[in-house]
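Following are the structures in question.
Shared between the two complexes below is chain A, which has chain B as its partner in the first and chain C in the second.
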Partner chain A sequence: MGSAASPLQTGLAERLTALFWRRPRVLLALLLAPPLLWLGLVYVGSLAALLWQSFYSIDEFSGVVKQEFTLKTFGELLLPQNYDIILRTVSMAAAVTLASVILAFPVAFFAARFANGRWKAVFYLGIMLPLWSSYLVKVYAWKLILAKEGIITWAANGIGAGSVLDAVLTTPVIGGNSLSTSYLGTFLVFVYVWLPYMILPMQASLERVPTSMLEASADLGAGGLRTLWSVTLPLALPGVIAGSIFTFSLTLGDYIIPQIIGNSASFIGMAVYQLQGTAGNIPLAAAFAVIPILIMLVYLAIARRLGAFDAL
Partner chain B sequence: MTTAVEFSSVSRHFGAPDRLVKAVDQVDLVIEEGSFFAMLGPSGSGKTTCLRLISGFELPSAGEIRIFGENCSDVPPNRRNVNTVFQDYALFPHMTVRDNVAYGLMVKGIDRRTRRSRADDMLALVKLEGFGDRKPAQLSGGQRQRVALARALVNEPRVLLLDEPLGALDLKLREAMQDELKSLQKRLGITFVFVTHDQGEALSMADRVAVFNQGKVAQVGSPSDIYERPATRFVADFVGSSNVLPPDLTRAFGGPAEWASLRPEALRLVASAGARVTGRVTALRYLGAGTRVALESYGQELAVLAPAGSALPETGAEVGLDWDAKSLHMMAGA
Partner chain C sequence: MRSDRPPLLLTFGAIGGLLFLHLPILLIFLYAFTTEEKSFAFPPPGLTTEWFGVAWNRADIWPPLWLSLKVAAISSGLAIILGTLCAAAMSRARFFGRDTISLLVILPIALPGIITGMSLRSAFAMADIPFSTLTIVLGHATFCIVIVYNNAVARFRRLGTSLSEASADLGATTFQTFRHVILPNLGTALLAGAMLAFALSFDEVIVTTFTAGQQKTMPIWMLDELVRPRQRPVTNVVAIVVFAATFLPILAAYYLTGGGEETAGGGK
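For the complex of A and B:
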């Protein structure tokens, strides 16, 4: 620390350096131990505890958790009111992911292939900037934007498209009284909030596709669309999958957006939140929480089977 | 003979008008059908840009490019009947070797069965039978090179473009591929245009060589033309590192007062007494097949290639030089 290190300190530091030099695995182990402990104990440990809890059940009369192994709680997930929540959440997550892929691709493609220097900085700033402000602030801002008295209704009426908006809102299921109280509104806010998580990995994977590969495709007679379909997309697929893991799992687990925007229909995240809080039904909350994990595992297995990671 | 590719004062400029980079500058070039044509030059000389002008990845800033008589300045790459073997091969990593080779046929809408059999035929042609089901990542560099070749040739292009095709291969493999490419070209009769910075490769493989320098064609000719009768100082120096003699030295060597080139292997070391030209040995470099003797004469550095087994002088020794008069080549274009 001081200006003149004592000979002993120097000796110790040098001996340590020599030890690490001779046995690089010791250094590796020292470096990896803290994160592995953190991930292993705190993260995987609590996941295991969660899974464990889901095999318990609750006594319907006393409301006390019975600590015996049973599949009863998982069976409760199949009750219509619970099954509806799962179906609703998964459909929403799928829709959000699909929309994110479609919206993100042109942006990511531009950033990866054409932007350089200053435009690249503008791109990163534009994508990251929304992430700097609080998630809650953004969601409440959207509530105002989508409200019946909000800017969208005002603008639609201003350009004479108020009837179009009304027509959209009368669509069964996704419509509602206003955008901020419909599934459509929930969907729009989800897409807005998670879009950066799709763009960034997509851009990274598109950037890794060598220009010569696109040229080779053109050279062999392929037009732009054919190249996009047969070369660009398959090679960018790992990035699309990575991004969709974010958008999909973040939507599956979120409990704030559907609470603030939408028609108060329950989503998995909200169910977990309510069950472990007010209802005190920890086993069912745990069982609900296992659903997104299972879905993601199945999703990854399918993606792998389809060759999404072949280009890695 | 038909002209396969013709450049008429073609230029390709990059950058803003105030800082213009003339990658290709007023190039005229005729490539005959069925020839093996090499574009030779140092990096940044414009040879690769010329190749990309033929394939359509670059468009000329001025001038006209005709492929088999058809002006194709506005034709996109996918509509040109030329195919390219890329420097990095650019094989699609997510497809099998067979699908890579059949890509061009798939794009054309040829049915799966025909595609498969033609791809397999092509793989056999490049000696890769049985490799169709592998992924490019499972192949060696030389094998990938062959796949890239098969993928281009399966489309039966009238002109095959090769961008430094052997650059990434080690020496032994490169020599083997040089012979193979040459015999393949003879067998198929397709026009091959290949870019290289390796003068040995250009001389040994090509029927005709265009030497590029700073965006211009310095000389076009047969390999022996280029090597034995270089038109400019640059060509003499770049192709085979010749001794480039300034006019006064040429006179000392018995020629007119002009720039001349004299190949190191055309010079013989003799006793200094009574020699026409003498010099002092400055360095010796052992090359295996011979020894390169550097010497200073009239204040100019000269190189002599002494064949293996001949007596070598010591550094600092005074030696005489002898040569055949016909090996002294005047360069009018210097």
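For the complex of A and C:
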């Protein structure tokens, strides 16, 4: 080691080490500077640019962005056609979140309570792999599944339920020409893609429910369902809310799924994408993008109050 | 409770949930071999391997593939450096603004991708930055930092400070301690983080459509094919390639972290 030679000949490394030891803050600042510069400049800077642009407006005749502050663009969000988009997106996010909770519960509960050893690993990988694997491939797979000539129609006809499928598709609002061009299809794909994000925090919070409480509940005469409803679920609530942050936020901002599977009705994400692209109306696109931020801020504030942050 | 037998309904629900998550992906593999070219007919009228050859010879597939690999490599490289630095700082001390910084790191992933995308797009427009590979990398590295950070922070926490202190007591400089004590212990966590970051970047499409301009990454190529299909079986083959390019790094990350306690959701 270099420092063994002589205490008088101290190199740069030794002097820096001494400095870091005397003043730990210097090392801390040096470590933090690059990532903070990056995130501050690239990310926070961009967010500021987004907010800034949303206060600009576009000249209706020339289509040129007027660079002066106005609330006019935010006012345009209240026009019926834009307001509809917001309402549609929020209701879709709520429906997707609710369905994810219901579907995630058995998987999370089983994995947390009953899976041991190898099954624990099976469940872990079984939830992890779909969560991380390619988003586009997952959406694409559903395009194959929901197509008019696809596997669902084939299976429905195979078991003699073709008329049931037709009945579903003729239902107003959720139906459509085929599953891949209906709200129901959009909804199914959203649930599929975001489900793992609900299972993981739910499982984590279910694992933390003490067994002693369940035993106490049983000792006091509660049946399985009663214990589930009055003990397990309330204790697992923070996990459910943590998961809902993901499913809600991800649905609010997605524009690929409704573009590929659905009846071409617009969602917030699609509106942002089209406005900044073909329409060239960056101020309105920016104003639209502010909405999910506001909704998520309110959502996060409520979640924090309900103690969901410890379950993230 | 653990020794109890699960109720039958719960078992069905759990297995059904797992099947729901996995069967759709398996279907892609079947479709890559179909002889049907014009529709997504099920069951496939016949099976063939010719589409793999056709896809190999399609000139428009290779440039997006290279671009995606390049962007993913640079982004995860940047993320390793920035994420590790940040994790090292956060594991050292409690200091003023610590919570704000952890929020700042997580934010690019916590807010919907479209906001990150639209924000960068606005910033490029305001600063007159032309679209290039660099603009794609700027976006990708930003949300990859948190992935590496999550992995590294968990490992730092497990590592504790006693090893570094022992190393310092024995006369090692900060740099020697980093090179010979911290890095070997951190290695697999960083590699796992890099793998996940690579998979995430390779597959990213929402932010990329805002930062790519006219350039095509592999997911953008696929998105184009989804919106306006040309040769569906070729898209199926590409889907398998994209799937493999994300699946294999994830599996590697799982084994690198010894069962993935540190990887978990990672707040993707």
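Quick notes
Methods note: the second predicted complex is superposed on the first by the 252 of 312 C-alpha atoms of A that agree within 3 Å, B and C clash if a C-alpha of one lies under 4 Å from a C-alpha of the other, contacts with A are read in each partner's own complex, and residues count from 1 in each chain.
The criterion applied here is as follows: a residue touches a chain if its C-beta (ideal position, glycine included) is under 8 Å from a C-beta of that chain, and two chains touch if they have at least 3 such contacts.
Treat the numbers as computed from the prediction; the structure is a model and nothing was measured.
Comparing chain B with chain C, more residues of chain A are touched by C. Residue contacts after overlaying the shared chain place A:R226 against chain B, while chain C stays out of touching range.
In the superposed pair of complexes, A:L27 makes contact with chain C only, with no contact to chain B. In the overlay built on the shared chain, the residue A:A49 is in contact with chain C alone; chain B does not reach it. In the superposition on chain A, A:E215 makes contact with both chain B and chain C.
By the document's definition of touching, of the two partners only chain C reaches A:L129; chain B does not. By the document's definition of touching, of the two partners only chain B reaches A:L235; chain C does not. 215 are the residues of chain A that lie in the contact sets of both chain B and chain C, per the superposition on chain A. Against chain A, the residues of chain C that register as touching in their complex are 1-2, 4, 6-7, 9-14, 16-18, 20-22, 24-25, 27-28, 31, 39-43, 81-83, 85-86, 88-89, 92-93, 95, 101, 104-105, 107-108, 110-116, 118-123, 125-127, 138, 141-142, 145, 168, 171-176, 196, 199-200, 203, 205-206, 209-210, 219, 222-223, 226-227, 235, 239, 242-243, 245-247, 250-251, 254, 259-260, 263-265, 267-268. Of all the residues in chain B, the ones that touch chain A in their complex are 55-57, 76-79, 82-84, 86-88, 90-94, 103-104, 106-108, 135, 151-152, 155. Looking at the complex, you find that chain A touches chain B at residues 210, 212-213, 215-223, 226, 230-231, 234-235, 307, 310-311. Across the complex, chain C is touched by residues 1, 3-4, 13-14, 16-17, 20-21, 24-25, 27-28, 31-32, 34-36, 38-40, 42-47, 49-50, 52-53, 103-107, 109-111, 113-114, 116, 121, 123-145, 147, 149-151, 153-154, 192, 195-197, 199-201, 211, 214-215, 224, 245, 249-250, 252-256, 259-260, 268-269, 272-273, 276, 282, 285-286, 289, 292-293, 296, 312 of chain A.
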